[in-house]
Amino acid sequence: MVAKLKGNYGSGMEALTYAGQNYMVVDRSLIPEILQVLRNEEQFDYCVDITAVHYPAREKQFDVIWVLYSFARNERIRVKTQIVDGATLPSSVPIWTGANWLEREVYDMFGIKFDGHPDMKRILLPEGWKGHPLRKDYGILQQDNEWVQINLGIESGQ
Amino acid sequence: MTDPNSSLSHLDLETPEKPFLDANELVINMGPQHPATHGVLRVILRLDGEKVLGLECVIGYLHRGVEKIGEHRTYTMFNPYVDRMDYVAAVSNGLGYCETVEKLLNVEAPPRAQHVRVILTELNRIASHQLWLGTHALDIGAITPLFYTFRDREEILKIYEKYCGARLTTHAFRIGGLQYETYTGFEKEVKNFLTFFRPKIDEYEELLTTNRIWVERTKNVGIISAADCIAFGVTGPVLRASGVKWDLRKAQPYANYKNFEFDIPIGENGDTYDRYLVRMAEMRQSVRIIEQAVNALPEGPIMAKVPKVMKPPAGEVYHSIEAPKGELGYFIVSDGSTQPYRVRVRPPSFVNLQALDVMCRGQLVADVIAVIGTLDIVLGEVDR
Amino acid sequence: MREIIEYISSYLTSDQTPGAAGNMFWALVYIMLVFLGLSVAVIAMNWLERKILAHMQVRLGPMRVGPHGLLQPIADAIKLLLKEDIMPAEADGFVFWMAPLIVVLAAFTVFVVVPFGPTHAITDMNIGILFMLGVSSLSVLGIVMAGWASNSHYPLIGALRSSAQMVSYEVAMGLAVVSAILMTSLNAEGTGTLSMIGIVRAQQAQGEWFVFKFFPLGLIAFFIFAVAMVAETNRAPFDLAEAESELTAGFHTEYSGFRWSLFFLAEYSAMIAVSSIAVTLWLGGWLRPFPNWLNGTPWDQIFSIFPGVTFLLFAAICFFNTVRMPKHPLFRIQTIGLAGFGVVLGLIGLVLFVPAVSLRVQDVFWFSTKVAGFMYLYIWYRGTFPRYRFDQLMQMGWKVLLPMGLGVLILTAGVALLQENIWHP
Amino acid sequence: MAPVATPFFFYLFAAIMLMGGIAVITRKNPVHSALALIVALLAQASLYLMLYAPFVAGVQIILYAGGIMVLFLFVIMLVSIDRSIKERQFNRQWVVGMIAATALGGLFVAVYTKGKDIFPEHALSVAEGDNTQKIATMLYGQYMFTFEIASLLLLVAIIGAVVMAKKRI
């Protein structure tokens, strides 16, 4: 499978293994196509998880990771891509319906927008909250004081 | 590859069916304080009379930022935090986390520790299913099973209390094995529990399985097809009740589940009744696993060699286990320091809850309650 | 003065109900008695339901207030009375205020015709059963008003549900009642009666309870009524109107304090009322078991000691539990209280052995015992059944009970005609 | 039972009934109107009682107050409350109303003055106790045909309602 993909996409992707787990690092431009191919041709029909990691020091600040699983092959794979802050990704809701909330959570926590998502809004934090808490520059004690004061009528939630 | 069985084509929210009598559709806010939403789930229902046209879940009322906390604690310090996610199945959460970090550290817990882990985790599965059964039956209006299940769950909690001092958020496992050796009489008490508990499952089933009203309330309610389950990423008993024979304990065995014999119970129709039957059968299977594990409990060390200060090599690992609610995954990124660079939890309840809308569409208000109950969500895990 | 005493005492020799005799004084006395008895019954029912349900569910139920929680209902009543009475801001004040009153009024008014004995009823109307059904159907108005006036979605849905439910089950209920009334006409004159007392008299004359009449027709009609009456009173498994897991508390979600307690009172007295109808129509009302088969003075005397024996049994249970009380000084007051309660029950039992008293109270005793059986059934249902869904409930009412009721009615009429031909060729 | 203070109760119930009737047409809130109608119907049932017609009174309570009016309320609540409260009174048909009222009033006067030979002036000799049986014999004997016609009419109405409500049968 890897060889086939490699043949098709060449230098845009790189297949790696760590601790016995396969993952591939894919160029942002190839993401829509590769996810499509994995779902439709390689039978990765179950989108386990979508998440992101923030590396503020890098130029391409975010790793976005799709964890996929194939029932037919009993195999798990991770697809990883790097994007800069403010860049958007194509939504994979048309591919896996279950990606809906997972993408919303990534948006909520990291501020990464997904194009074509049916309902791109915050999910865990309230609407109108400022900041994306899982970014590394968001302190652990930090909160949107203004929101708390207006909506909850208390000085601070802490 | 679009599945023709999938019902997702009905999913366009924009064109609801034309309501009867031109009565305005009713929008009802269920929760966050509502007796049947199992915590602080808020569901906004759009109703036509009693028929559900669509619904939207509003979650996050219990968000505590567990993932953020994980980035600011060392690997050992974060271990108790994961218990607070799915607080009715804390042991499973701990197992998943410990195994993931062990993968990063490239260590493996010794066999005795593995066995004890399996025993405690399966006991926890039973406890979690008992709590589900009680509350689910209560939602449907049968108040009595709740007290029976809680009476029996107490026996499990007593074993936990004796083992590690806590009943709910147990923090039972450590990275690399166990901290405590089992107490004297542990094996005997577990065996006693098994003999005590077997007839109790029959008792629950006697109360409900053939109860006419129960069958009427659960059969053909909240049907979800296997294709839909997979599309939504729904796992656990819900997926199995739709007829997919998939259990991580068999598919990708972790701990030492490969040493034990057990079956994966599956349903046919993917309705609430099948999910009920699957969970009941799972309790019996858990009893089987525990029995094998406790009979073959090996002697030996309970802790692998792990450094006092854990500094896993830089890298990232995704590992998942079959929690009582479905696939519970941990994705941990290490940068070589004492603290994880990023901890991501893949909560089964969160993903399963997405399917609520498609399961409830076209059903009645009373069915929404039944479906919320049958999804077996824990809001602590949904919101983290 | 003498005239007044004569007026009062003249009734004692009559064999009519005070209403039928036109005696205002005794009518008032009976109204007071029924009201008091009903209040006591509701309080007792509250305690019993919690205790019995608790024991079904492997727990103890109220244990703190008074010995074995005996004073719990009183404590609850005080709590409810002291609670702040909240009215939602956007509620329709007048309707909100009227709703519990109507429900309570309907629930209590039906007892005007309930025959606790051949003379122990406030009055005997010749449309007795019709009156009971009619007035108890008014309580649905109160429920609908409560749900609407609260100006909130959950109560509104609860009210809609309960109105649809009660109106539909009234139909099946009515058909079952009619088949029982048909049976009353199986006498020489061929005319039946709607009077509650007349119905029991007819069962006495025909020598069997209507539940066994034309077996199994009477039983089926009784079954239909027994199902419909649970639905009529919004109790489990038909408690959709107040399904707490779906609608929080249904139509009385927004009510609190005293007003809420009125709904509570009405629910329980409505339960007693419909059970009284069932007892009167099918289970021989005040008649003691086997009044025709085991007749004669010795049997009468044996049956007349039952009330006293029952109360002595209660007293014995009290004393037994007094002995079992923990011997801790903190429990002394509770132990004394329980023993005192036992003494009171025992004294009542002894008084009931006095022939003059037992003769007059017997009917009431048998009637209450039968009703108490129904009350136990209500609690039992609640402990064992899950709740029906709304469409299933409607299906059951319209597609099962209604055709069954119609069938039973037609069959009863047919069988009655056949028998009449045999009797009066 | 000897009647007590008959005129007093007659005027009392008549007044309640009239007040209820007036409230029905003056209240803006349809739910209030329906409740006022129930009051009027209950007062009417009391008047039936005073006419020694307990069966009719009982049926009046069961059917109208307990059944039909509940369905009325049901429908009113089903149709959005907020909207129906805000809605202006739409039936400002003074002319038709006046004509109907005049016709009805004329009828009353005509009956009162000329109807003495149609309606018996003396009280009916039917005893209270036999009331129900008498109604039954009349309904199923003398007026059998009209009774069946009426039930047929109702059946047609039911079928019509089902056809209207269900798009597909």
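Chains: A, B, C and D, in written order; residue numbering restarts at 1 for each.
Quick note on the criterion: a residue touches a chain if its C-beta (ideal position, glycine included) is under 8 Å from a C-beta of that chain, and two chains touch if they have at least 3 such contacts.
Worth saying up front: this structure is predicted, and the values here are computed from it rather than measured.
Participant: Stepping chain to touching chain, what's the minimum from subunit A to subunit C?
Facilitator: Contact-graph shortest path, subunit A to subunit C, evaluates to 2.
Participant: Specify the chain most distant from subunit C by Cα centroid.
Facilitator: A
Participant: Using Cα averages as centroids, what's the distance between subunit A and subunit B in whole Å?
Facilitator: That gives a centre separation of 24 Å.
Participant: Need the CA-centroid distance for the pair subunit B / subunit D, whole Å please.
Facilitator: 60
Participant: Suppose each chain is reduced to the average of its Cα coordinates; what separation in Å results between subunit B and subunit C?
Facilitator: So the centroids are 46 Å from each other.
Participant: Taking each chain's centre as the mean position of its Cα atoms, how many Å separate subunit A from subunit D?
Facilitator: About 69 Å, centre to centre.
Participant: On subunit D, where are the residues touching two or more other chains?
Facilitator: 78
Participant: Which residue numbers or ranges of subunit C touch two or more of the other chains?
Facilitator: Not one residue of subunit C touches more than one other chain, so the list is empty.
Participant: Two or more other chains touching the same residue: where does that happen in subunit A?
Facilitator: none
Participant: Which part of subunit C faces subunit D closely enough to touch in the complex?
Facilitator: Per the stated touch rule, the residues are 19-20, 22, 92, 95, 125-127, 130-131, 133-135, 137-138, 140-141, 144-145, 147-148, 151, 156, 159-160, 163-164, 166-167, 170, 174, 191, 194.
Participant: Quick check on the complex: what are the subunit D residues that touch subunit C?
Facilitator: 1-2, 29, 31-32, 35, 38, 54-55, 57-59, 61-62, 65-67, 69-71, 73-74, 77-78, 81, 128-129, 131-133
Participant: Any idea which subunit A residues touch subunit B in the complex?
Facilitator: 18-19, 21, 23, 39-40, 43, 45-49, 51, 53-54, 65, 67, 71, 74, 76, 78, 96-102, 105, 109, 122-126, 133-134, 136, 138, 140
Participant: Would you pull the subunit C residues touching subunit B in the complex into a rising list?
Facilitator: Residues of subunit C touching subunit B: 53, 56-59, 153-154, 157, 161, 236-237, 239-240, 243-248, 382-392.
Participant: For subunit B, which residues count as touching subunit A in their complex?
Facilitator: Touching subunit A: residues 1, 8, 11, 59-60, 63, 65, 67-69, 71-72, 103-104, 106, 228, 230-234, 244, 246, 251-252, 315-318, 320, 327, 329, 331, 333, 341-342, 344, 346, 350-351, 353-354, 383-384 of subunit B.
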